[in-house]
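Here subunit A shows up in two complexes: once beside subunit B, once beside subunit C.
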Partner chain A sequence: MSTAITLNQSDIPAEVSAKRPSQWRQKTGQKLQQILWALVLPLLVLGLWQITSAHEWVSPQILPPPSLVWQTLTELWQSGDLTSNLQISVERVAYGFGVGTVVGLLLGALMGLSKTVEAYLFPTFKALSQIPALGWIPLLIMVVGIGESMKILVIAKAALVPVTVNTLQGIRNIPPQFAEVAKVYRFNTRQLLAKVVIPAALPSLFTGIRYGLTHAWLALVTVELLASSEGIGFLMVWGRQLFQLDLVLATVVIIGAVGLLIDQSLQWLETHFLKWRRVAF
Partner chain B sequence: MSALGTLDFKNVKKQYHVKGETLDVLDGINLHIKPGEFVSIVGSSGCGKSTLLRLAIGLDDDYQGDILLDGARIKGTSLKRGIVFQEHRLFPWLTVEQNVGLALENSTLSSNERAKTIAEHLELVGLKGFEKAYPYQLSGGMSQRVAIARGLVNRPEILLLDEPFGALDALTRANLQNELQRIWQTEGITMILVTHDVEEAVLLGDRVVIMEPRPGRIKRTVEVDVPHPRQRADLRLAAIKDDVLSEFGHEHDTALQPAAEGFGFKDYLFAW
Partner chain C sequence: MSAFKTRLQALGQRDFRGLVLPLGLILAWYLISKFNLANSAILASPYEVWKEGYGQISSGAFALDLVHSVSRNLGGFVVGGTAGLILGSLLGVSRWADRLISPSFNTIKSIAIFAWIPLISVWFGMGEPAKIIFIAIAAFYPTTINTYEGIRSVHRDHVEVARVFEFSRWQLFRKVILPSASPQIITGIQLALIYSWLATIGAEYFLKSGHGIANSMIDGREHFNMGSVLFGVVVVGVVGAIVNQLAFKLEKHLLGWRNRTA
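Moving on, here comes the complex of A and B:
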């Protein structure tokens, strides 16, 4: 055996070498195909809806035709009602989600790093987290009033639960083998946190934040439906009270679209920040 | 220059306490390892050979007797003692060079010197050009090369190897055994290799320490008086291998085969 070392060609995994353009094209094609598959069901529902309203199987007052809902959407956009209400809603989510995420990360990290803290807090946390946003609203109205702080608290709680649970799990699931490596190289607490705990728990933190934002958006709609005079949820209640089902359906479309947009953008961020997680291509 | 890297085990005894019962894992271990020596430790599963390394690296302080490095009783982990685990234990979120750099987190080197020594050690293990690769892009053998570079980069006095090639395929393993022999000769540091592969133990070791289980004891020590670099096909090695295998008697058919090292309850307890 010679002392010079040469790696066999087979020793070098294919993905290290540059991707060929044909591979790239294949991947884009696959992605496009996925989007097409995802659109099949919504398009079928839209078709059924169109046929139903065209034949007036259901009264147009109860199920307005797609064209009317589209018209309402454009009117909402042109009058500025959509933008102003959406802006209020987004601000509420941003505040509530921000507070919930910060508290959730701290709470989850504390419980994850200390069994004692977990023993003290986790059962209570678990019990309180079972109560849905709806259950908190009457109590919170009595304590902090019906203003913005109540809404932000409800949204914050909704975001807090998944963020806390996933942070806790993420830290708990770090393989003890990694901690041993840190011990062998005599890492201090700061190094252990910065070099091992945070990066190892990051995928789980991301999952928590993603769920947190989705839950925050859902809680927003609930809280605005029940106790608000502005915002996208209020627009929906307003439509229902006026028996303008086109307005209700238009807000349903907007809420769904924004929710999807939020989730997709976070997923995109996740794949970009956690490139090392790609196990195989 | 006074040679550093002398490791002494003096009457080392280790017990585990499981459900109120006391299990003797190691008993009466006495072993003197000279600076720059390569010592192989072989034994069937559950003979406490990996436990012995865990004590020597300092991940477990709960034992009786003394383990001395250059005359001083070891306490906790130390940058003077490096280890390569059976699994590579690379951090998947770090590149190859960052993983090797982990070992230098607490070194006194300047960042320039660090970069230089990392590059040198990656070259030593034959991974020049893979500095920026992530662990998911590496094969098992390449990952273990990175782990060896990480174990060596802070220039420990002694490197402990805990079945480092146990999970690799036969060809990669043979290749890395030759590499390790070359690296040991280049670096000149003390190495202790724990393995269940007798051929590997004999090929690499100046001495082969044979352990027997329940409780883990040293059964016999065999000198391998063949100069390095050694050829795998050397007849003298084959004779010594047969000698070592004879110590396992009828056992060697089953207990020494890697495939027979199933993951029973005991393996979880005593492995790493």
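Moving on, here comes the complex of A and C:
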């Protein structure tokens, strides 16, 4: 039936498949090269920063030297302030993101699969999602107070929107030809879901979850900057109030590190789950 | 006469199902406040919100806030979006740029944008430049990422076909890369519009100076004026919706050539 050329293992010339060990060496060499290239720019910036503060071109009040930031960072770690505040922040994100993702996936799938549900819900969802999580904060503070539930609600809302939008778009953007093929094969609903909708929507779904977690973390930082007495965002506000920019920069580094960890682990998951996609570059 | 008739017919054909939920919610809100089912200090009645809104509009305070918020939003969006398109294309097309810049970009990007606020406030003050810089950062990330990913996800086979036809670099970009990357680039621009509006609100919360929609919301909360806060929430939503509607129209206009499922 199909005219596609299939390549069997035996079709590959022997000299290609025999190159395993040197291939491995080549791969690690490439990796090393990649890391070296990646380090060029940060080292340049760091060097410039160090030179700037060594010559005091900028007042250390405004730009503390990198060494001081590093010292503050180690002190935060040794005193335990870092772990205790970070733990509180991570717990908040976990709760908010969990709630937001579950609701978002359900909402997105419902609207994507049923035109009727979409017609009723989507305009309202769209209107409400226009109001950034931040816009709700003054209102939420007045209604539920400044406590933990306000923070979790804001974080959940931040995660909900991208998850819903991407789930919906992923299902909607499935090419019509796929659905036609499914119709030709007379797929039932379950087959249609398992063999067409979910695989085709998966990349978009993943993007949604990735954005959801990123947004949740972003919302956490915002909420803690605005209203909290503990957590990583609070440390930053504290530093700003005391005009200790080394503390502010140290928390920036920590916030970046956690964000990077979140992003990298999700990217890793994405590449492992979506290996079957063929891309050009 | 006939124009009126066709307009009426067009009205009849429109989908009103989306109005059911909001109207129901407003009715529930009205009933709750009318029969005092909730603390009235916390839940202002629709009438109070209307009165507050009318007061702000007729005094001209609203127009002032709106103009300030929208212009700083657009300023930041244009600056950040343009920078994002340029960087995203560069990273997508050039392997060297990708190797050199992408790791740093991804690292910096991981820093939640609001974490820049304390630093921005020290370095650039509380005024307009600080706010625009912050909004531009917010618009910059999604356009860069989506432009990059759009170009990266161009199908290998398509590029091979272009090689077979010996397309020039410009032809490759114009006829292969741009058409297949454009949906994602436009997604990036849409996200940038949403983000920049979020950042506008944030900038007005944190860098409290001058006029703005969010400034008046904060004032409302400080004076425990629920009507003012709710009116602010509505305005933030309406402006966001208009911005998004424009983005949606743009997408439809630019991507009309694709056959879509829904």
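Assume the second predicted complex is superposed on the first by the 238 of 281 C-alpha atoms of A that agree within 3 Å, B and C clash if a C-alpha of one lies under 4 Å from a C-alpha of the other, contacts with A are read in each partner's own complex, and residues count from 1 in each chain.
Keep in mind that, in the parts below, a residue touches a chain if its C-beta (ideal position, glycine included) is under 8 Å from a C-beta of that chain, and two chains touch if they have at least 3 such contacts.
Everything numeric in this text was worked out from a predicted model, so none of it was measured.
Of the two partner chains, subunit B is the only one that A:L202 touches; subunit C does not reach it.
Touch criterion met: A:R172 reaches subunit C, while subunit B stays clear of it.
With both structures placed on the common chain, the touch criterion links A:L113 to neither subunit B nor subunit C. By the touch criterion stated above, A:V184 is placed in contact with subunit B alone, subunit C being left untouched. In the superposition on chain A, A:L192 makes contact with neither subunit B nor subunit C. With both complexes superposed, C is the one of subunit B and subunit C in contact with more subunit A residues.
In the superposition on chain A, A:I131 makes contact with subunit C only, while subunit B stays out of contact range.
Of the residues of subunit A, those at positions 277-280 touch subunit B in one of the two structures and subunit C in the other.
On the subunit C side of its complex with subunit A, the touching residues are 15, 17-22, 25, 42-43, 92, 99-104, 106-119, 121-123, 151-159, 183, 194, 197-198, 201-202, 205-206, 214, 217-218, 220-221, 224, 226, 229-230, 232-233, 236-241, 243-244, 259-262. Within the complex, the subunit B residues that touch subunit A are 57, 59, 77-79, 82-83, 85, 87, 89, 91-94, 102-103, 105-106, 126, 130, 133-139, 141-142, 154, 178-179, 182, 229, 231, 272.
Per the touch definition, subunit A reaches subunit C in the complex via residues 34, 37-38, 40-42, 62, 115-116, 119-124, 126-128, 130-139, 141-143, 172-176, 179, 217-218, 220-222, 225-226, 233, 236-237, 239-240, 243, 245, 248-249, 251-252, 255-260, 262-263, 277-281.
Across the complex, subunit A meets subunit B through its residues 1, 3, 5-7, 11, 13, 15-16, 177-178, 180-181, 183-188, 191, 195-196, 199-200, 202, 274-280.
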